[in-house]
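Below you'll find the structures, each written out as structure tokens.
In the two complexes below, subunit A is the common chain; its partner is subunit B in one and subunit C in the other.
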Partner chain A sequence: MKKQESRNISAGNFEQCTKCTICTVYCPMLEVNPFYPGPKQAGADGERYRLKEPKYYDEALRYCLNCKRCEVSCPSGVRIGDIIALARAKNSRGVPKLRDVLFANTDLVGSVATRVAPMLNRALESKPIRGAMDTLLAIDHRRILPRYAEEKFTTWFAKNALAEQSKYGRSVTYFHGCYANYNDPQLGKDLVKVLNAVGFGVRLMEGERCCGMTKIASGMLSQATADAKRNLAEIRREVGEGRRVIATSSSCAFALRDEYEHILGLDNHDVRSSISLATRFIYRQMERGNIKLAFRKDFKMRVAYHFACHIEKLGWSIYSTSLLRMIEGLELLLLPSQCCGMAGTYGLKRENYNYSQAIGESLFAHIESLGVDCVATDCETCKGQIEMSTSVKVLHPINILAEAIDVEATRKLNDLK
Partner chain B sequence: MRYDTIIIGGGLAGLVSGIELARSGSRVAIISSGKSALHFCSGSFEFWSEGMAAVGSIAEHNPDHPYSKIDPKKIARYTEQTKDIFARAGMPLVGSAEANHLRLTPLGALKPAWLTMDEYVTFEAVGVSEYRSVVIVAIEGYLDFYPEFIAKGLEQMGLECHIREISLAEFNRLRQSATEMRAVNLSRTLKGSPLREFAQRVKALVEDEDLVLLPAIFGLGEERGLQIVEEIVGRKVKVAATVSASASGVRMQKRLTDAFQSLGGVFIGGDRVVGCTIDESRIVSLNTANHEEEEFVAENYILATGSFFGRGIVATPEEVYEPILGLDVVPQMARKEWYADDILDAQPFQKFGVATDSELHPMIDGRVVENLYAVGSILSGADAVKEGCGAGVVIATALMVAENILAYKHK
Partner chain C sequence: MPLLLVVVAVGGIFLVTEVLPWTLSRQTAVKRNGKYDVIIIGGGATGAGTARDCALRGLSVLLVERKDFATGATGRNHGLLHSGARYAVTDRESAAECIGENRILRTIARHCVEPTDGLFISLPEDDLGYQTTFVEACHRAGILAEAISPEEARRLEPSVNPALVGAVRVPDAAIDPFRLVSANVLDARLHGAEVLTYHEVVDFIRTGNCIEGVVLRDASSGELKRVEAKVTVNAGGIWGHLLARKAGVEVGMIPAKGSLLVFGHRVNQMVINRCRKPADADILVPGDTICLIGTTSDRIPFEDIDKNEVLSTEVDVLLREGAKLAPSLATTRILRAYSGVRPLVAADDDPTGRSVSRGIVCLDHAERDGLEGFVTITGGKLMTYRLMAEMATDLICRKLGRTAFCTTATTPLPGSKSESKRESRRGRREFISMRAGEKGAEGRHGDRVEKISFDKPTDAALVCECEQVSVAEIKYAIESLDATTLVDLKRRTRLGMGTCQGHICAVRAAGLLGRASGDSEGALSDVASFVNERWRGVCPIAWGDSLVEAQFTQWFYEGVCGLGEIVDKKDREEMI
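Moving on, here comes the complex of A and B:
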């Protein structure tokens, strides 16, 4: 009954553009930066020229945040962000700076940094060192960098959790990503706590690599592809054994599902629908009655949910907000859906600092005006940005869930001893 | 995911029916890919350009028109309901079910309209103006507003027109990227001190004119932008429509979406309904691109996916079809008959859309889908351009279907 839509499908659907300009209304960069040509011009319009003659490539495309808000707004399904990201990777003549290489290699840097975490965290807070990083590496001295954990999540897991995971009848694989591993192991611990309480064992993939999002954003596609291939092989094994792979980071999930295919050109269709987000996984298990949650009677929290760009692109914020709404004693407010300005490692760079803060300005003011206990978001870099720019603490929905549940009662409800 | 009603498409049609249903306590979700035709809204809604008096007899002359399915006696109430929805969303409208008023197009023509945002300049009828003279304010470097054309239109109304230009440092920053000096970007800039600075400059231009007319570039940076300007200028200040994406349209999309959500409605944006399960003559569930195997289940479904622009109907070189359910599209004719040679003539393709029964249920191979309704510009039989009935069809059908769904629920 359903007929084939449209022929002439080209890379990124660029010929579907009707020149309606709607995307330009939703581009956060265009709003603050007059030097950025905007999604319509940088995307479909520019692509026509670039196909003709690569010399038409405009270096100003580097300003693009890869937030994909343009794509979410386009009524014609043009993959504007992808078109820009690919044009950038193909045409940009600049050699990546040392800083960009450091930022892109979140896994390498993270594994070194966690070893020297106490010293490093102190150093990153010191004024002279931040001044030096500004001068030498062009990392803005006003920027508060994420702290590193003294013990990686994977180390904690091996020591404290691994042994008991096989006791559970059902299991799911956790793609922790760099952030939970090196910067915020508590997020991983909380996920394990919640999943165990409802009767799911957690598995990690030994060969997990960085999802590659930061490398994609810096145009380092060959390194990203190497990581991606390794991850896909690992994921295929898990899926082959009947497990889903879930991430807590919306950007990791988005990279594994969509950027691998659209930007890196890798075929992931066999595992794509088995890659999910933690909140989505839990919500869907609840909806089907497979698991149950019991909440602490004394739990009270007023929370504002922030819609990170990549969860908007995935279209999955509904799972996180629905899950938060189930928590007794939690009052949920929705922030307007807008970019916070951080966009991964974009806002860390000195040349972007002012744009980054200008993009988030109205969001920060809005958050301050609400008088909430915390902001909830599924993205780690939004967390860093909002915590630096407001006085409000930011938690992942999984952190909140872990705090809200009554573990004993939940285990009972799920027939666990 | 389960709801009482799921609406496919979050343009004017989807939002109006969604707001009405959510307001009555229904659990409603809107699933919408991309943003809608609202972004180009002129600030005015049209119902029937020949005049509201003719509304009662439209069905007689146009049996295939969506209006033939609407009880003309209800139009006065629908008009009030629409004004109420927009007022609550913070965008009051002027206009009535009795008579059209005149609005000003970006090219200075005076056209009949049903409802208009109260910020816009409107007139009761040709030659009837409460203003004597007007200063039309142009903005240096802004090309989507044509003061000379507008002056010509207003002179027909007997107004004495003066065109004066201002510039603003904040706008010059936008001019660095030539294509981005657009209503939406100007509007975002106009907040805080640049807005006040702008108002001061306008004030300095005004002599003894009793109306100040500005391009419609307010409301995004500062919700009360135009009121603030009016307070500072100390004269009556109104706006006129611009071309390209309109600041008012963007604001409408946003405010209506907010209104829907604050009534408890769930808005799932950036997603596309790609398939559905039908059992006999009822929809059982929908699937979307982003949610994969997750099923969206409801008692009733409303299809508000728009016309060609929203991709509610799609044209290939051979045929026109409805892409989600393969609904019957009418009229079916050979491609060479889709267009009239003179672009100013009525274009047959404008009337293409899905066929429906008297309650706006669409059909598949002539068989009605019982728990599905079609509303808005996806309906066949209306020529929004020639008949001047775009938003009228959208709003009236959206309200009618919401009313019917609620009536069945209460039975």
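Moving on, here comes the complex of A and C:
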């Protein structure tokens, strides 16, 4: 038969599901929540009914964490998480709650919050205020919210780093994302330190917006699309000038590469392969012999690596762990690959708090039993969850790398003055 | 004062004509001396409809079926609630019957009907001039047909072939034949009818020139039973040809086989037809969670009417022609192929059986052949089943000397008595928050869902995940809808009709069946025949994802469950 031009409406490959049910084994939510129908029922099975009549949409789909572990486990390439996310965005009714809008607009909230950071951080720690937020905004009072920085990463960069970046022969563009910018500028500073040491100049994109992951998770697709289009235009310019774009947050990288196409329906194939994760970029540059690292002789650290959901979906945890293994004096332990329960802003919400903690419970116990100096992970919200739920500090692999390298020796190795 | 008189007069007439015959007939709705007023042979739509009509009119009724309900042509077609437009040009009488019944069924069988509307599209290779003839013929038959622009057609139905040059919108709809038959049987029983499935008529009881009943063989025990009735109705579809011969009369029927393909999900939301003279594979119907393309049309010999084969050549035609209606069919997963045999009544020598009238044939063999007590009702279509039943019951009542009137055109079937939550504006909120199993049950059983108890925590647990069939619904089908095997359950609930074709649900449902019947060994052999029956439909289209699925199913049932070892002793049929 002649090949037909066709619009295949079995979106997300839901028809490729062979009902093997493996995804239900890997779903962290299904294990702790009997009201969640599970990825198979909520995804491929439910999709047939939603196509029949949207009224068959099951409200229990709101429990989905968007961790995409179902997709990683699927042997048939069904984009289960995408199917659920789209069904949610299309069918959940009504205007989003104020809380969800606040959580989704991380960049807007962040830019305001950093201005009043000292006051805000203290306020967020006070019990009465957390109680009030629980009542008014349904943000669980037991949850410790991320602290805001007093100086944004971008401000620091403009003041302290921008001028010297042009000295380097090679350059790379850093997609810092909201977290590094508003909450943890140290991560951005550490990345600049490492990249500069190996001879890469760092560029930022002036028009960078939030990657949109939080908006996608809250079903605010039109706002996410607006941000995504802006970001893609910026990224295209950078890629056009021959630079790669790297992120420190695995969720940002995942959103830019996959969610833009699969959830927002934007065509990003021209730049997709140029978007990477910081650890992956550094590892591959080393592998090709483009850069070299020298480490401090006195560095000693026992680290447990936590596999964040979205880095597992990207398939890139191997780069972070391999990079960490290269560090002399670092003992690396691998935690079992499991969700910590935070899932971005999911665990902040009062109605999800108990599920969130139940999902992570065994992970937290495991971490406590290891006696490590810190946990390493590429995801900022996992960091928040693990730090809140255990006594262990959590660092990004880049933080650790920055601490471990001998800057002078590294510069020398890379023929820099 | 005059107004009062009018009211009293109207009331009086109503009492005499409607209520009195009904109350009188209610009193006589018992069989006397083991003799029924009427035995109806055939558990398809026509037989079930006739049983209901007779029961509503107060006759004592026995409905017998050699297998399960809707196993013949009733359950083996498009499930299309024709607007009649398809026949408007060639057969105006059929077209008028269709649109009349179309309107009636939307009311009395609302829980079986999905008001999708339909399009008749003209493609570049079709004669656009036919559209004018078509629209005029529709209007003459009383069918609301409206020519719309190709852009409008693409907007209404995004899956339609974008190359179309013209389209006509008609009031087609989708109807679920299994639910329809089940609701008719249920209502017949609620009105006193008795029903025997898996009972085959092996002989007629004949005294002189009169049929006085039938001899039945119970398929499970092999036991023979004699039952007597004043009138015996042959509603056996194509098998009615053989039944009539057994009774000693000839009804020249033509077995015309039609094959169809079931796709994995709904590609289209409206029925899509070709606007041209009826031909192969020119109707695409969205039915429940799937869509169907069909049919082919081939005359077959009577020896083959139980085979239900689908040839690869037919699959090719269906796919090639189907993709012309909706191009995405070419890349959509196919679940299975099946075929049915139309009971056409010979009128001329057309070898395809297509130009034969689809008209209803109601024969009083006393008048026609001098054989008393025997009536044949055949021809027609799924969607004219009620009219056929009405004609047959009118004839039966005449023969019995009864005067009761037909009320089936206005009496809703069980399940359609009231607006369901799914349909109503007010219930919408509540419907959305229901669990998947409850939604599935309400969608299938309409207001009868209130008879299904979801009280226990496990009741809403899904047995069939593809089709959202819950434990509670399976229990209801076993207890109230005469389901005794897994294939019966499939027809009552859609169990195993989804993407996995029984892979997940067969064992689970068998567990419930075994618990209900106390025969776990029987339930186990039932799993084997069910899985084999599903495979028969998958076999003609076994490639790609469907083949992967089938192999996985085989691996599971043969390897994990060890079903290959079980010899299916109780295979009651070459079922389907």
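As a working rule, the second predicted complex is superposed on the first by the 407 of 417 C-alpha atoms of A that agree within 3 Å, B and C clash if a C-alpha of one lies under 4 Å from a C-alpha of the other, contacts with A are read in each partner's own complex, and residues count from 1 in each chain.
Just so it is clear, a residue touches a chain if its C-beta (ideal position, glycine included) is under 8 Å from a C-beta of that chain, and two chains touch if they have at least 3 such contacts.
Keep in mind it's a predicted model, so treat the numbers as computed, not measured.
A.B. asks: Return first, second, both or neither, reflecting whether A:Ser126 touches subunit B, subunit C, both chains, or no partner chain.
C.D. replies: In the superposition, A:Ser126 touches no partner, neither subunit B nor subunit C.
A.B. asks: Pick one for A:Asn290: touches subunit B only (first), subunit C only (second), both, or neither.
C.D. replies: Touch status of A:Asn290: no partner.
A.B. asks: If we overlay the two complexes on their shared chain A, which of subunit B and subunit C does A:Ser166 touch? Say first, second, both or neither.
C.D. replies: Neither subunit B nor subunit C is touched by A:Ser166.
A.B. asks: Please work out whether A:Glu47 is in contact with subunit B alone, subunit C alone, both, or neither, and reply first, second, both or neither.
C.D. replies: second
A.B. asks: With both complexes overlaid on chain A, does A:Ile22 touch subunit B (first), subunit C (second), both or neither?
C.D. replies: It touches subunit B, and subunit C stays clear.
A.B. asks: A:Ile318 contacts which: subunit B (first), subunit C (second), both, neither?
C.D. replies: first
A.B. asks: Which partner does A:Glu71 contact after superposing on A: first (subunit B), second (subunit C), both, neither?
C.D. replies: After superposition on chain A, A:Glu71 lies in contact with subunit B alone.
A.B. asks: Going by the contact definition given at the top, which residues of subunit A touch subunit B in one complex and subunit C in the other?
C.D. replies: In the superposed arrangement, which is not itself an observed complex, subunit A uses residues 1, 3, 5-7, 18, 20-21, 37, 40-41, 76 for both subunit B and subunit C.
A.B. asks: Could you pull out which subunit A residues touch subunit B in their complex?
C.D. replies: On the subunit A side, the touching residues are 1-3, 5-7, 18, 20-22, 24-26, 30-31, 34-38, 40-41, 71-77, 273, 284, 287, 312-316, 318, 334, 336-337.
A.B. asks: Looking at the complex, which residues from subunit A come into contact with subunit C?
C.D. replies: Interface residues on subunit A, with respect to subunit C: 1, 3-10, 14-21, 37, 40-41, 44-49, 51-53, 55-60, 76, 93.
A.B. asks: Going by the contact rule at the top, pick out the subunit C residues touching subunit A in the complex.
C.D. replies: 158-159, 264-267, 286, 288-290, 316, 319-320, 323, 327-328, 330-333, 422, 428, 431-433, 435-436, 439-440, 443, 462, 465-466, 468, 498-500, 503-504, 545, 548-549, 552
A.B. asks: Quick one: in the complex, what on subunit B touches subunit A?
C.D. replies: On the subunit B side, the touching residues are 1, 33-36, 39-40, 173-177, 179-180, 182, 184-185, 188, 244-245, 250, 258, 261, 266, 268-272, 275, 288-294, 309-311, 314, 316, 321, 323-326, 364.
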